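The two complexes that follow have subunit A in common; it is paired with subunit B in the first and with subunit C in the second.
On to the complex of A and B.
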């Protein structure tokens, strides 16, 4: 198992490097970080542009720049991924990409984590219930909700939920759900219970929005996988042994039906991160989504690279975890 | 008939405390889109302590559904009526909490497919102990100890290690023994075994049946053995119930049913079976038609449309199960009178002294009713004659050219392989997929196929017989060795050069359900080879009609799609497609193993007719020695990629010399209760070793009864060190054993 883990970790390194090359090239050809400066009226002094180019290392060729970005050798001390530096920003000379990224990572992870946990938990419950009562009214209702959620674009659904939150607050006469902001400022100086209340207030609505799409597809998946297992010979044998129904469902059906879902959830991480960008935008959270959008707007190529590398790493790590979990859950692919 | 009378008197004084399972008027109906589907209709039987009841029937006869109903394992939408009592307690309609106290405790079940019966994520020890813990108040440790004890009982070697392993680490035969161990965990009163050995190889089947006997001895349980294999029934049960169309149509002692069947269907089943224990009789006697669709059961007797002696009353009135033994008034059979021979036929007494051949003609056609069959038979005969005339003309011309007429059946060698080797690489699971070893699927075999001859290639799963067949057609490339057709070396040809020769070499597949494209009409399927080889469309259409006639189907069937046909009919379509290009050689890869017995016989007869008339050569790949004995002229037995024995069918079955051949033959159950119970057995232990790492020297030595029992230490050394050559012991009968000695087994 240890050897397998080490091997899996090592084999994900070339994937990350390849991904970084690809994104670096794509970002590099897709826009000039200094286009705003060059377009200024009246045109700035050529020396200003030259200074900016030097600061952003745009005076070097693309392969050189990649090497520099990776290692930081020959730079001005603000670049070099392997030294933990993400490079200069177009936004201002004092803007530290790494610091900003880390600050926002916490905010986003909170949202993504909560959404995934709830989506997974509810999907398993809904899938199992649907499968056990196949073709019942409950099954049809859950199926309907699932497809509805799948069909709704996140930004639109986010708008609806936000409006609903506003309406609810008006009805209740107090602000039960916050519809704007991530609540980090408000959390300062609160005691433990205050923290909990604050978290609930600010996180409920965005979490619902973000989890719904994943919940919908995962619950469909869980239903199919559960149905397959429920009709399997070993579940029949478990019943024939004389195990009571709930033991059969929990121990033999659910346990095995969860295995394929781990892969689906791992692959779904990328989708959740996408969704987080839109959700954060609508609810005006200062998270990675906002960081990403600003970076795009400002043609901040190093910030973009940092963001892509981070989200790429998150996806790869999630897949790695799923693979390892698979080994734990399914003895057939356990490695010696 | 005095013996039967004695039995009757015994049975009329039953001690009812002995009854462990009592099924009365059990009916199961499934709702379907096309209306209710009556899968089981009014089945009644009684099972006493220590007794074994065999339930025989073809697919769809309701034999499995009956026992699933008793176990309460049917889907919720099934409607179950009647009564089933286990030790006097009604089990139908019990709530989950109550039925789970009975299941696994009083009544246990063994399922067909051992590969899917065990949960892949738990160790076998856990799964056995789970059954113990479900019904006994013992600790986990005690339950594990019991699991170990059970594994020993069912004959699993090294149980201490096996108990910690997961199902995928065990072979099919061992997994089925684990399932048997689970069934006997709580010493149930009834064990239901549903096709327990169907998915297994014959030598493993013998081992598993042995374990099943052990389970029965150990627990003293009564057993219901459900199977389609009449041989298994003959050897292992006391009484038989034959099911057809959801009903029990004949019940009685195993001797009564096998030697004196009183229902035409039972007689037909026996007649359609190729026999290992009899001289090859001219033709099998198949039952025409296919089992009835349960959605549209005929009024009257369900068997009437297929029955040659059906009369008006049979189509009007469904016969009840009546006593059938010797003379006198027939009366309704009572389930408690277990010794009584009963049959559901209006004319049982007419079957007295009749053999299957007297009642069923050897019809090649696969029609729905007797009349249609006769018609199709006629058409097929005409078609055959026509084709034969053409063929005769052709060959006459050829013969004139060559200036010599052919004599005898087998002609000159047409297809040969020499020292054929095929290795499949084993690759590592990492990114690089390095080659880390080789599976020797075929390692150095030589074969010759002659004109108008059937050469059978037999062996258990994984012995390389299908790979050999594919190599001979050059569908895959060999690692080494030569294949030549009529003196031309095929292995040197490119795909393009090979194409014209493909006309002569055609293939019929095992699974008639997967080998026909469901989106093509039958005409298109049969015409496709002609299209590929550039025949014009009009000619091809005429040829399709001719071919459908030839294989016993009606030309009007051409516009239908494969799903509208039964398995037997589909296999005929597959054969028609293979014949489309007038091939010389047909490779038949298990052509009848997916078919029910009564259907299988018709296809075998058809193959024989076609060979006779068209002068085909067959390479017949099969694991079923009974079928092989019936159809083949020569036989080659394969084990782990090597041929261990080859000879004419008479030589090989009359006096098998290699211990493996002997074991194979003796493992085939004979459908004859007396012979099956008294014959000499040569038992093989264990499973086939991995072909990735075959044993040194003789590959069979790890399972060889001779190696284990008879040979001295010095003699064994030779087996370990020196791979035996395939040596001719005179008369062309060759075997690859250092210590071979011919034995008569049948």
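On to the complex of A and C.
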């Protein structure tokens, strides 16, 4: 498996390079990073624009810029992926793209982590229950909830959850749920229980939104997978041998039925980390989603490149993990 | 039954625990426990800790620094100008405005008791260092400074300092009718900066490289200094800043114990956050009919004001187009456009008091306002008059298509950015021009700057940001040499009046010239002002002395030192 892993990692490098070339070209032709500066009123002095062009390497050709962005050779010491530098930003002369990206990744992981754990747990339970009680009222109810959560636009759903939180607070006469912010500043100086309470206050609503949107699709996967397994010969055999239903479900059916879901979740989590944009926006968490939106708004091409690179890396790693999980969970699959 | 009771008891215990725990977490906008605290929204993230630079400078940075930077004066909400006589010993004086006798000179004297938060007295050096950082790199004072605007600073030849007094001398032959704005709340920095901190950190401000380092440090470092009623005690550029009273403040004692300025980029969250007590108010940059409606429906507990903002929308024509070179055609186009319909569609529902903009430079509340548009018939939507103009110029409308010598006129590319207001507007203009046989295709862009710079349009709608300082506006918009004169107008009368406005000795004289420029540009049918986009502001009624100031980038925070909790 080690050889397989190394081979997969190595084979992903050209994919990443190709992706980086494509995205660099696309971003480069999509707009002028200095368009906002040029539109300022009164217009800045030409020497200021020239300074900005030099700082952002816009005085060089596109291939030169790409080479610089990869290697940093010939730059001002602020660029070069191979040196761990993501390049200058249009947002300010002192904006460190790498540092900010990592900070934002941490925030997003904090938000996504809890949501994914809950979503996975709920999806497994709902999927299994739905499959075991196929066509029952409970199955229909869970199916309805799943489709409802799938169909609702995230920004709208998030707004509804926010309003529900406000309504609950009004009933409780206290701010149990906060609707904006990640609560990091509010956590300063609090004792252990205060920290727990603060985390609950700021994380609950966005976690519910992210959790339900992921739960919806995952529970459908789990239901389908479970139904397939429940109708398989070896489960029928287990039942015929007189094993209690609980044991059949837990030890024989569920384990096998989890395999497809696990791999879907592995890839899905990478998608959610990238795709928490709307949830982060509505709840004002400064995560990767906000990083991406700001980079687009400010025509910050190097920041966008960094985001896309991280995003691409996460998808590749998630796919690798999914493949490896197949091998771990299903003894019939072996990687040579 | 027993199980159910147990479950209920558990749920109740859980809820109590949650309530108890979350109560520990505190909340924004409260004045519990005797602490007078306010949470105010800044509508976007400030990119840097200083507002001078082109990359980081924005109204959000300026608002984040409210109550921290001292300044010499500012425009009030009613359009009058007031010097800050807490910071100043006396009103600044013009020493010489006779350019034949010598260079334009003025002096500023800071108050004797004016000190920074570390106790260091404010001096003329603070004004001097702010000027040097605000000048273009070509001036040679600062190697790496990249100020977002250098017009006023670059006019200055030197600043001589004598303790609390700074004497400013402009370059030979130059006059600045807006000289009082050099160090006021509306300048490129939003106030002025301390010089002594550069020295304390080992930088010589007279060394261009070292001044550049100080400039970078100011943009990169959370200010621990203050020359205003409040100082920043905590915060970052991602979430919020926390301000508390500056113990060394030499003016009237601020009323609040703490102000949290939280950055919120999504206006859609304002209502919930306001109802939840997480924010006390905001002065958003964009008008949102949806939010305004919700605030209007809220009724008690909130004060909402809507007024004409500084961004004004206008329709411009590219004179590089072979058809649009014809002034008569342009005049007919502008006459056919119905500005009232556009404003009504965009703002009528929530702001029926909207006003059409009838002067490119002055708002209707300005003492210098003169209506140059109404009489011209431009923007009236008078299809009959437009058709008449066209027919007199030899055009014909055949089967609903405008032709000249049998050839179709157009179609024209009608362009703008993809916003609700502009989308509505373009659709209406398209329909209005269709009535005089002109076919247009709507093309949206997300890169307005490039589109304008490359003149990649036939007819375009976009916005300019107005300011109480107007002297250079005409030159910027229409001077044949100006890079912002995107459509390529070249008119000697306009150039002369615009230059006269920029170099006038007094504001009154500049206003006369500015109005002359407007009067000369209207017959060109080159830029049609539509309306100023309204801005709204809302505040919790538990606060006192909070009001919007649309003359200033500081908006409602312009008088942050006077904010209080209502009794």
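The rule is short, and it goes like this: the second predicted complex is superposed on the first by the 326 of 336 C-alpha atoms of A that agree within 3 Å, B and C clash if a C-alpha of one lies under 4 Å from a C-alpha of the other, contacts with A are read in each partner's own complex, and residues count from 1 in each chain.
By our rule, a residue touches a chain if its C-beta (ideal position, glycine included) is under 8 Å from a C-beta of that chain, and two chains touch if they have at least 3 such contacts.
Since we're looking at a predicted model, the values are computed, not measured.
Do subunit B and subunit C fit side by side on subunit A in the superposed arrangement, or is it a clash?
Overlaying the two complexes on subunit A (C-alpha atoms) leaves subunit C and subunit B fitting together cleanly.
Of the partners subunit B and subunit C, which touch A:245 in the superposed model: first, second, both, neither?
Touch status of A:245: first partner only.
With the two complexes superposed on chain A, say which partner A:106 touches: subunit B (first), subunit C (second), both, or neither.
In the superposition, A:106 contacts neither subunit B nor subunit C.
For A:153, decide between first (touching subunit B), second (touching subunit C), both and neither.
A:153 contacts neither subunit B nor subunit C.
Taking C-alpha centres, what angle do subunit B and subunit C open up at subunit A, rounded to the nearest 10 degrees?
150
Give one of first, second, both or neither to describe whether A:236 is in contact with subunit B, with subunit C, with both, or with none.
first
Quick check on the superposed pair: does A:74 touch subunit B, subunit C, both, or neither? Answer first, second, both or neither.
After superposition on chain A, A:74 lies in contact with neither partner.
Just to be sure I read the superposition right, which of the two partners does A:282 touch: subunit B = first, subunit C = second, or both, or neither?
In the superposition, A:282 touches subunit C alone.
Looking at subunit A, does subunit B or subunit C touch a larger number of its residues?
Answer, by number of touched residues of subunit A: C.
What's the minimum Cα gap, in whole angstrom, linking subunit B and subunit C in the superposed view?
25
How about subunit C: which of its residues touch subunit A in the complex?
15, 18-27, 45, 47-48, 53-56, 136-138, 144, 146-151, 154, 216, 219-220, 234-235, 238-240, 242, 262, 264-266, 268-269, 272-273, 275-279, 446-450, 452-453, 464-465, 467, 472, 476, 482-484
For subunit A, which residues are in contact with subunit C within the complex?
For this pair, the touching residues of subunit A are 30-32, 34-45, 47-48, 51-52, 55, 89-95, 103, 155, 159, 162-163, 165-166, 169, 172, 174-188, 190-191, 193-194, 196-198, 200-202, 281-284, 286, 290, 293-294, 298-299.
Would you tell me which residues of subunit B are touching subunit A in their complex?
Those in contact with subunit A are residues 71, 73, 96-97, 100-105, 108-109, 111, 113, 116-121, 130-131, 134-135, 166, 168, 179, 182, 185-186, 430-431.
Report the residues of subunit A in contact with subunit B in the complex, numbered from low to high.
7, 11, 232-245, 252, 255-256, 259, 329-332
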